[in-house]
Structures are given as C-alpha cells and as structure tokens.
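Two complexes are shown next, each including chain A; its partner changes from chain B in the first to chain C in the second.
Coming up: the complex of A and B.
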C-alpha cells in the first residue's frame, strides 16, 4: 500500500519535473519559434515572413513565459493536452495513435528478445567457457557494437531484397513487424544474454547450488527449483533498464522502417517547435517509465522477498 | 512457446493472404502528411489525385481547364470569370457549385500562400461561375489558382472557422483512410467527371530515409518510389527489378548574397564568386548528374530559359583579378584583405536536403582558392528568411522551387522585385522590377522575359549553381509511368498493371 502511494507521488513529481523541464528547454532553444513552426507546417523552403506573421498571430506566440507555464499546468490538471501547433489536431489523438504503434513494436521486440537472449545466455552460463559461451560472447559483443541503423538496413537487404520473404518497410500487417522488431530485439537480446549468462554462472558456482546437487537433484531439477528464480532477479532489473534502450532504439528503427511511432513523432515535434506535442509525449514517456519500474519492482519483490523484510 | 510461434506464423500467413486479395499500387515518397488541410499537405493530395484545382497544368507547364471550363478576363484586367464545370461531384456525393468553389477559395485566402498575397478585392459566385475582382491586374491569377493551396474541397470539409476537418475532393481517387504523418489510402472514385483511373486502389507512404525508400523499390514492396538519392538511383538503374526515371525540374540550387553587404555590393564581387565555382566538378562529385546551371531556370521551362546564354565559366584567375580591381589584396594566409578587413563571410544552409551541406563544403574550398574565407553555418532552413528579414544574412545556399505555380513569374515577382526571403537581398534594379511587374500584369512578351533573365544573369543578385533532377523508381509490373517536371502529380491516372487489360 505504502509502495503504491510512493509510486503515485513519484509519478506526480516526474510529471511536474518533465513538464517544467521540457517547457524551459523548448523556450531556450535557439531561433524564433514562429519561424520554426511555420517551416514545419508549410514546408522548409516555402516559408516567408508573411506566413510567420500569420502563425504568430494565430498562436499568440511571444507572450511572457510564466503565465504560459501556469496555463499549461492548469490544463494538465484538467487532463487537457491541447492541440498540435503544426497539424492542429488534438495532442491526445496524435500521441495515442503514435504511442500505440510504438508500444506494439516495443512489445513484439521485447518478446522476441526474451525468446532469444535469456535461453541462450542461461545455456551458456551453465557451461562457462564452453564453445556456446565463447561464441555467444563474440556474437553479443558484435551485435551490441553494430548501430541499429546499420543492422536494420542489413536485415532489409538480406531478408527483403535478397530473399524476398518480408516487406522491407512499412506498417499495417503482421509481416511488417518482423524486421523492425528483430532489429530492436537483437540489440536487446545481446545484453540480456550476457546478463543471463553471468547470473547463471554465478548461481551455478554458488554453495547452495552445489548443496542442491549433493542432496541428489538432477541437472534440470536443480536449475528449475534453485537456479531460474535467482537468475531472473538481475534479468528483470536489466529489463527495466532496457526500456530506455528500447525508447532510444525506437527513434532510429522507426525512421529506417517508416514506422509511424512516437519516437519519430517526438523528433519531428522538437524540430517543429511543437511545444504541446513535445510536452505531451515527454510526459507520457516519463509516466511510462515510472509504471515500468513500478511493475519491475513489484515483480522482483515477489521473486525475491528477502529485500522487503530488510 | 509453441503457441506463440504458431500465432506468429498465422499472422504472417494472414498478412500474405490480405496482400494477395486486393492489389494496391504502393507509392512511396519522403513527404509527410501533416493533416487534411491543403495548406499543410495539399501537394500529396494533388499528386495522389484526390483533390483538384480550378485550373490545371500539363506536363509542359501550360495551363489547361480543371474544375473551371475556361477563364476570361475583362478588358481592364481587373475582373476574372471562371465558369464551373457542370456535373462534377465531390467524393461525398454533393455537387460542385460555384458557391462551393468560392467557399474553398475564400478559406484558402485566409491562410499563408499566393492567394493571400494576391491583390484580390473579392471572390464571388455569379451565374455558375467564380468571379474574382482585383485591385490591380494580375495576369498570373489562373496559375495561382492551379497551385495546391487553392484546392477546391466540398463545403462539408470545413468547420465554421475554416479549418479543414475532412478531405473531400473531386479527383479520380477517393480517400479511404488518412493516418498522418505517414500514410493514406485511396480507391478509384466511380463518379469522377474525367476519364476513370485504371488502377483501382493505391496507397501512399512517407518514408524519410532515402536508403529505405530505395530498398522498398528494390524488394518490390513499393511500386512507385520518388526522390532517390544519387547512389541508390545509380544502383537501381543497374539492376532489372525497377526502371529508374529522371527528369529535370524547375528547382535550382542557388547562392543568395546580401548585396547590401560592403564586400558584396559591387556586382564584380558577385561575379568573382560565381567565376570561382567549378560547377562541372561539383555536379559530378556531389550531385552525380549533369546539372551545371548557367542561369536561374533549366531548359525544361522554355519560356523562362535563355537558350543563347554561354556555358558557365570556371576561371579562378579572372575571379582574383576582379577582386583585385575592388581593392582586395591577399594576406599572409592567402585570404584577401582590404583596409585591414578580411574577406570572410558566413554561409547559411540547412541539412533537410542532404546535398546542401556537401555543396557548401565544396564551395568553401573553391572560394578559399580565390582568397575568400567562408564559415559554414548549417542550421534550420528558417534561419535564411529570418536572416533576410533582420538583415544579418551574408551568404545562403538553398534549393528554390520555381514551379510552385506553373508560371515562374509569380515566384520571380516575389523573390526579385526587388527582394524576397528566398531571392535577392539588398538588391534593387528598377528596369528589372518594371519588366517583371509588367509581365505579371500581362504586358510584354518574349523580349521582356529575355531582357529580365539577362539582367539577373549579369547582376547576379543570386548565383545559380545547379539544376535539380527528379528521380523515381518504377516497378516493372507497371507500364505508362511518367514524371511530371512540375511535380504536380504522381502520374497515377496514366499507369496500368502490365498483366491487366
């Protein structure tokens, strides 16, 4: 109960902090906002002073900062996100459309990475120094080092252009998920495989593991009863951290695969000085971060109740 | 685990089946869709054949009737009449009337664009025609009405404040879904007034990365891909999967100079900077096609191209001599100085067009060879009009589209009579101004055009560097593809699947 209240308070603080910081950052970016908004609305080489004047009048830009900030906070309390300065559509609609697309992609990527990374890492960790372990080290280091932009293009070239199995880019059908999700998943799996491998190796070398063996349990029995639970604690924590990597990766992968997601939307909103869009997106992402961490914390506490007592 | 794999496989199979059942032409280009308002994304709607204008233009840039049957102007040039084509239906089934067209144009006038700047007194409906009254003659009015921002949408498209809520046009294709920022889908509109399109369904997708676009063409996921980067277009042309089309377009790469700046005020200084540019080398190395510009507009705009103009000279020696005439002397580091001041300027450009920073870097090297130092400032494109307005801009490199309206006189009027955000700065030439104003009113013909072009070339308020080409990859499943040099349409109406009759 207290944990829930604490999380709620934390979420409120994050919201306030994210809102104020994005507001200050957007205000302090160089260049005149009206020019940037007009350039984004009407095309970067179609903008002239007249268009900018109209934008300035329409949006009443250039007012003092404090009332604008208070206004925004007031809107937040009433759950009003405002409308995009570029498209004129409600920010809530834009975010839910784009966030939906990104969440789908992220979820599939995470699932794929869990199917790939931990099983391989655990298998390698049970036999440290084996050929699988050494091969995996090489592979995961390579995959971590490869920029996602490049990995995405290589996958398109191999799977779509050479083999013709899957669509190269786009959004809409199940087949469109595979390549962008795989691009994200390979990077994530490389890390989770390493974490799983190290955790497994540590657990397998621990006295309680040796004791379980000595009391006569078979390999798989030892692992399922005494190994997996202990391995999954660092894995879950790593998963929470990977959320950040995922958000980063989504920005790049979305642009390579033409995915209508929130990373793509955020980058464009920043270029176009679309303040309500940036604030709304940052807020949603910040709260998502709190939520993911809360869920991970709860899961870890269930798996490993020792921390709760102490 | 097994269930999951099965589900994933089912997904793939279903996706494949869905693709096979409805054949849809896939168009891919870099332009994002910002919303249903023509002022935001009208180019995409126009090119996909969803929305139309009163006046249309052919591939040669000549105006032709669109939703208006024809156009007439009163003897004093102040009253234009555009009779509306009968029996035209919007996609929602409502009829196109003169009143509906007037509504659309009045809304368009409240938004940034050519109509907003035009000297229009009133737009009324009378006797089934749109009647436009002007404060002063404007010969290019029909061309203005052919621009994407003057699209005629159904009255139900707008809310009470003139905002576009839904895109209801009259074109050969009807919108079936619009999901900004990246995609839209259309199907053939059976009630179209003109010849019906042969392709039944099409989709449009915005893909920002040139590499991804090229791969989409290569893998066959897209049938029509626009704006290829030079490297990909060479690679695709070498293969057999697609046909690569290329056509010159009235878009020019130019250097804008602040003629009010003490270093650049004398036209000899501007000539020197132009002479120092190795245009052939630049085109070959950066743009990878023959694009050398010896004047502002390419031959594909015959009315505004001086066919007798000399090839552009690359002569660093002559450039240095001109600068010496102006009192500049080489300093210790090779950079010219005059009265203790270095010939050092800032060149503003933007990375939205990937070739611009590269061209800027080449210009920096070329100008250094004649003793001119340039610092490149690659920033947001809006820094150029902003710097123009507050007078701080020195040099700028950008691409300018002269075919926003099929007649470039509108753009020239806006940019060079006497100055404009994307044209001349601190420059004034009375003869040029009167020629262009006359041409815009409808006075003067070929001679006036030629004289004004030659003034620009002699005076160099801007330095033309290269002309652009439009490139597209077309799937070999299609026939009848063509490129519109004025970038008004994707050519959907002329396309057909090769295996369909």
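Coming up: the complex of A and C.
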C-alpha cells in the first residue's frame, strides 16, 4: 500500500470518528433539536408546533438513528457544518477566521523552538558529557515534567502578574505573541534539543565522520558537509511527531492565553455544547494533522532516499 | 523511529535516576492515600471563616478559597489522577501486549489488520480524542480512562509486536519448540523477560501522559467539573488568589511536577 492511500485512509477514519461522536453528542443534547432548528429557520416568533413537526419529518430527527446518522455524515462530507449554536454565524466562516490565528501562533512557536532547540542540541552533541550537555539534560528533564498549561501558568504569574512586562492574554499586537509562543516553543525545544543532541553524538562518533577528519577537513567543514544532513533526518521525523504536541498544545495554550484560535474554539464549543462547531474544529484539526504527517513523510524521503528513516 | 540513546549517563547513573524517580512516585502515592489519616475532615467540608487561611492543626496545608482543607483536596485529587492513570495504563497494557503477541505469533492478515488499525488511530492527536470522548460520555473519569487507554495501547502493541517478531524466529525459541515446549513456556521463558522491562518504561511514560492530559483538560475547564478535587481544576480555581495565598496554588503545581518528574525519570532515557 502506498503512503498516500494510507494517509487517505487515516483522513477517512478521522472524519468517521469525529462524525459519529458529534452525532452522539447532538442526540444527547437536552431539549428538542427540531424545535431549535425550526426556530433558527423561521425565526423565534414565527415557529409553531406544525413547523417543528415538518422539520422533524424532513430531517428524520425523531426517527431511527441509522438514517439520521447517514444524513449527518453526508452533510459533513459535503462540508455543510451548519451554523454555530452559540454565535449563529456559519461554522465555516468561524473556522477560517480561527485557523488563521492558530496558524500564526503555531508558526511563531515552531520557528522559536527551531531557533532554540536544535542549535543547543547540536552544540551539546558535539561535546558529549560537557557542561552544556549536562545542563541541557537537566533542563529538558525539568521542562518535560512541566505540562504546557503549567508552563503557561508559571510564565503568566512571573512575567505578567509579578513583573508586568507582557500582557497575560489577548490577541492583536506582537507583545501578545510572546508568552503563548514561548510556552509552546519551550516544550517543543526540550524535545528537539534532545533528539538533535543524540543524533549529533551518534554522527560525530561514526566511522565516516572520523574518516572525514582523517582526510583533513576542519571542524566546521566536516560538520557542514557530513554532519548536518545526517542529523537533520531524525530531526525532521521528530518535527512530525512534534506536530502532535503542537496540536495538543494549541488546544491547551490557546485556552490558557485566550488566543482566538481553533483550539480555543474547540474547547469553547465543547464547553458550550456547540455541536456544529465541535464537529468543524475537530475535523479541521484532525485533517491538518494527517496532512502535515503526509508532508513530513515526503520531506524525509527527499532528504534520505535510502528509505531507512522509518 | 529509532533513537540513539547512548546517553551521557553511565548504566549505574541511569539506574540511580530510575530509582530516584520510583521513590518520588511512591512518595506521592503514599501521600495521596495517607492524606485522610494525616488530618481529619473531608475534601468537601467547608470552614468559610478560614477561607485562604494559613495551615492549622485541622488542616496542615491550609485552606482554599472556599475554606476547604487543602491536604484533603490534594489527596483526593492525586488519588483521582493516579487511579485514572493506573486503569488507563493497565487496560492499554493488557490489550496492547495481547494483540501484539497475537500479531507477532500469527502474522498474515491478522497482523496486517492490527497494524493498519493502530497506525490509523495515530492519526488523531491523543488529547483531541480524549477531549471529544469526554464530551460524549457522561461519566468523565470513565471517559478519561477509556479514551487514554484507546490512545496508549498503540505503543504497547507496537513494542510487543516488534520485540516478539524477532524473538520468535530466534534459535532459542526454535530449540525450545523442537524440544516440545508449548506456547506458554515460550512466552514465559523467552518473550516475557525481554518484553517486561520495555513495558515498564512505556507504562511510566503512559501514566505521565494520562496525568498530564487529565490535568490539562481540567485546567481549561472541559475536564472534571467542580467541586470534584482535580489537580488542574484546583489550579485554575486558586489562580485568582495567587497574591493572597500563593502557597495554596503552589501545592497542586508542586504535586503534579513531582509525579511527572518521577514518572519521567522512571521511564529513563526515553525521549518520545
């Protein structure tokens, strides 16, 4: 089976899972769903029992679960999510709005983590056992025992509440980016630094590295010619795995910092039992995750055509 | 993904850090279950006059914003998190190892189907899966345990399958089979000794994931609901009173840090 078919299958599974769970959520909502939809269509003043009955018959809301489920899934596949039960705006509009904010935050965080993690890890890996290496191990062990929301909490309390340097929450200016992006980036960097350190240590101890030194290449030459590309393959795979952390982090960190992104949207939708929004946001996040994994697969194959990167 | 984990710690140092981790976890577990005996009272009983008050004889850890004993709340919250983590990891391990053994031993179509299933489940980020399940299932603790088990079994499955596939074709197993020993003997003498230490690492890591997930969802108020004592929920409740009672907020923060540090150290040099 080719990778593309497999990813497609994954995407289908995501859609099925999201579709079925949101259907169950919809069915277990308190109150009369048909009444709510009818009120939405005709206006709260004009709705009466007949209109509700018509809606119920049309959408098979009172009927057996299976046809209703199929209809529900069909609507989802056609990307007809409907309107948010809370704001009344079409779900698609809300999500495209949120997705932009989330992508901004994720991109800044990822960039920051790449500036922090791999350079530190590579420097430490070139001198295994040195003081930087030891310090980094201690730091990354400590950071990994600090969940993202806790890191966010600590940053808010220290930087915003006690020092008053940066806003604790909100969106709009560059200053708002710093704390949420740093929270996400520190968690990511703790891992990528470890991976980079291990990969660099392994490469630097390898026979081909020693041979390159033997034939007279200098420290930096041998690293740029023979080290970096070999180190980058596990790093890239790690980046793919980190996308899990990033997606999960976006859910938590956006909620902690009040960032108007898709993770915040999902949490709010679940809190408010806004089923169409839950469906839309969860689907978009799941599919984005599959897409990025597919892209990382392709990139790894390009970098390391041996196909051994697993 | 293969990782080079020839770390900078020696074998002895690694063993020591693992033992330290185990001691940390054990301390927290002991505290969680001994808390009701260390001080009287229950996690819901209120003494409103003493809200945010300092420690006294009745409540050695002080009081929260509603005058509830912090030591009781902390103990109950830790018990909840640890129990959810325990059941999730236990269920994940039982399913994962059994299916992994089956896949390795049978091979063929069963193997392919199981691998496809586990690989496609990886398509959903774990937190998302648990979050959505918790929104559907009315009993939150049950939803967390089930959702986390659904996320965590994959790692056990992949590990068992990968380890046992190699072992089953090894000369040792062949010799045992030729001598007429059955599957149970092969499992006990050849497979289990190799798999067990790996499982411990995965279990510690899984427990850390579970505790972290429950607390994160509690913190963003889609997890356990008040007045249930839960670590993340306690933090978000106590956060507005940071200036008045910093110690009250620091207690759940410190508790979760200790548990996660202990579990991560137990998991050893594992990075992912």
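In this text, the second predicted complex is superposed on the first by the 234 of 310 C-alpha atoms of A that agree within 3 Å, B and C clash if a C-alpha of one lies under 4 Å from a C-alpha of the other, contacts with A are read in each partner's own complex, and residues count from 1 in each chain.
Heads up, the rule we're going with is that a contact is a pair of C-beta atoms (placed from the backbone, for glycine too) under 8 Å apart; a residue touches a chain by one contact, two chains touch by 3 or more.
The structure displayed is predicted, hence computed values, not measured ones.
*Asks:* Go through the superposed model and pick first if A:161 touches only chain B, second if only chain C, both, or neither.
*Replies:* Both partners, chain B and chain C.
*Asks:* Looking at A:153, would you say it contacts chain B, chain C, both, or neither? Reply first, second, both or neither.
*Replies:* After superposing on A, A:153 lies in contact with both chain B and chain C.
*Asks:* Can A:49 be said to touch chain B (first), chain C (second), both, or neither?
*Replies:* first
*Asks:* Quick one: classify A:234 as touching chain B (first), chain C (second), both or neither.
*Replies:* It touches chain C, and chain B stays clear.
*Asks:* Looking at A:255, would you say it contacts chain B, chain C, both, or neither? Reply first, second, both or neither.
*Replies:* In the superposition, A:255 touches chain B and chain C alike.
*Asks:* Counting only touches as set out at the top, which of chain B and chain C does A:14 meet: first, second, both, neither?
*Replies:* The answer is second: A:14 touches chain C but not chain B.
*Asks:* Looking at A:282 after the superposition, I want to know if it touches chain B, chain C, both of them or none. Which is it: first, second, both, neither?
*Replies:* Second partner only.
*Asks:* Where does A:36 make contact in the superposed view: on chain B (first), on chain C (second), on both, or on neither?
*Replies:* Touch status of A:36: first partner only.
*Asks:* Just to be sure I read the superposition right, which of the two partners does A:270 touch: chain B = first, chain C = second, or both, or neither?
*Replies:* second
*Asks:* Return the residues of chain A at which the contacts from chain B and from chain C coincide.
*Replies:* Overlap of chain B and chain C footprints on chain A: residues 153, 157, 161, 255-256, 271.
*Asks:* Okay, in this complex, where on chain A does chain B touch?
*Replies:* Within the complex, chain A contacts chain B at residues 31-32, 35-36, 38-42, 44-52, 54-55, 86-89, 94, 97, 111, 115, 153, 156-157, 160-161, 164, 167-178, 255-258, 260, 264-265, 268, 271.
*Asks:* Once bound in the complex, which stretches of chain C touch chain A?
*Replies:* 1-9, 116, 119-129, 131-133, 135-136, 212, 215-216, 219-222, 232, 235, 239, 242, 253, 256-257, 260-261, 264-265, 271-272
*Asks:* Which of the residues in chain B come into contact with chain A in the complex?
*Replies:* Chain B reaches chain A through residues 1, 4, 8, 11-12, 14-16, 18-19, 28, 32, 34-35, 37, 39-40, 111-112, 116-117, 163, 179-183, 205-209, 211-212, 215-216, 218-221, 350, 352, 379-383, 385-386, 389, 398-401, 404, 414, 420-422.
*Asks:* Within their complex, state which residues of chain A touch chain C.
*Replies:* Contacts found on chain A: 6, 9-11, 13-14, 17-18, 21-22, 24-25, 28, 128-129, 133-134, 137, 141-142, 144-150, 153-154, 157, 161, 191, 194-195, 198-199, 201-202, 234, 237-238, 241, 244, 247-248, 251-252, 255-256, 266-267, 270-271, 273, 278, 282, 285-286, 289-290, 293, 310.
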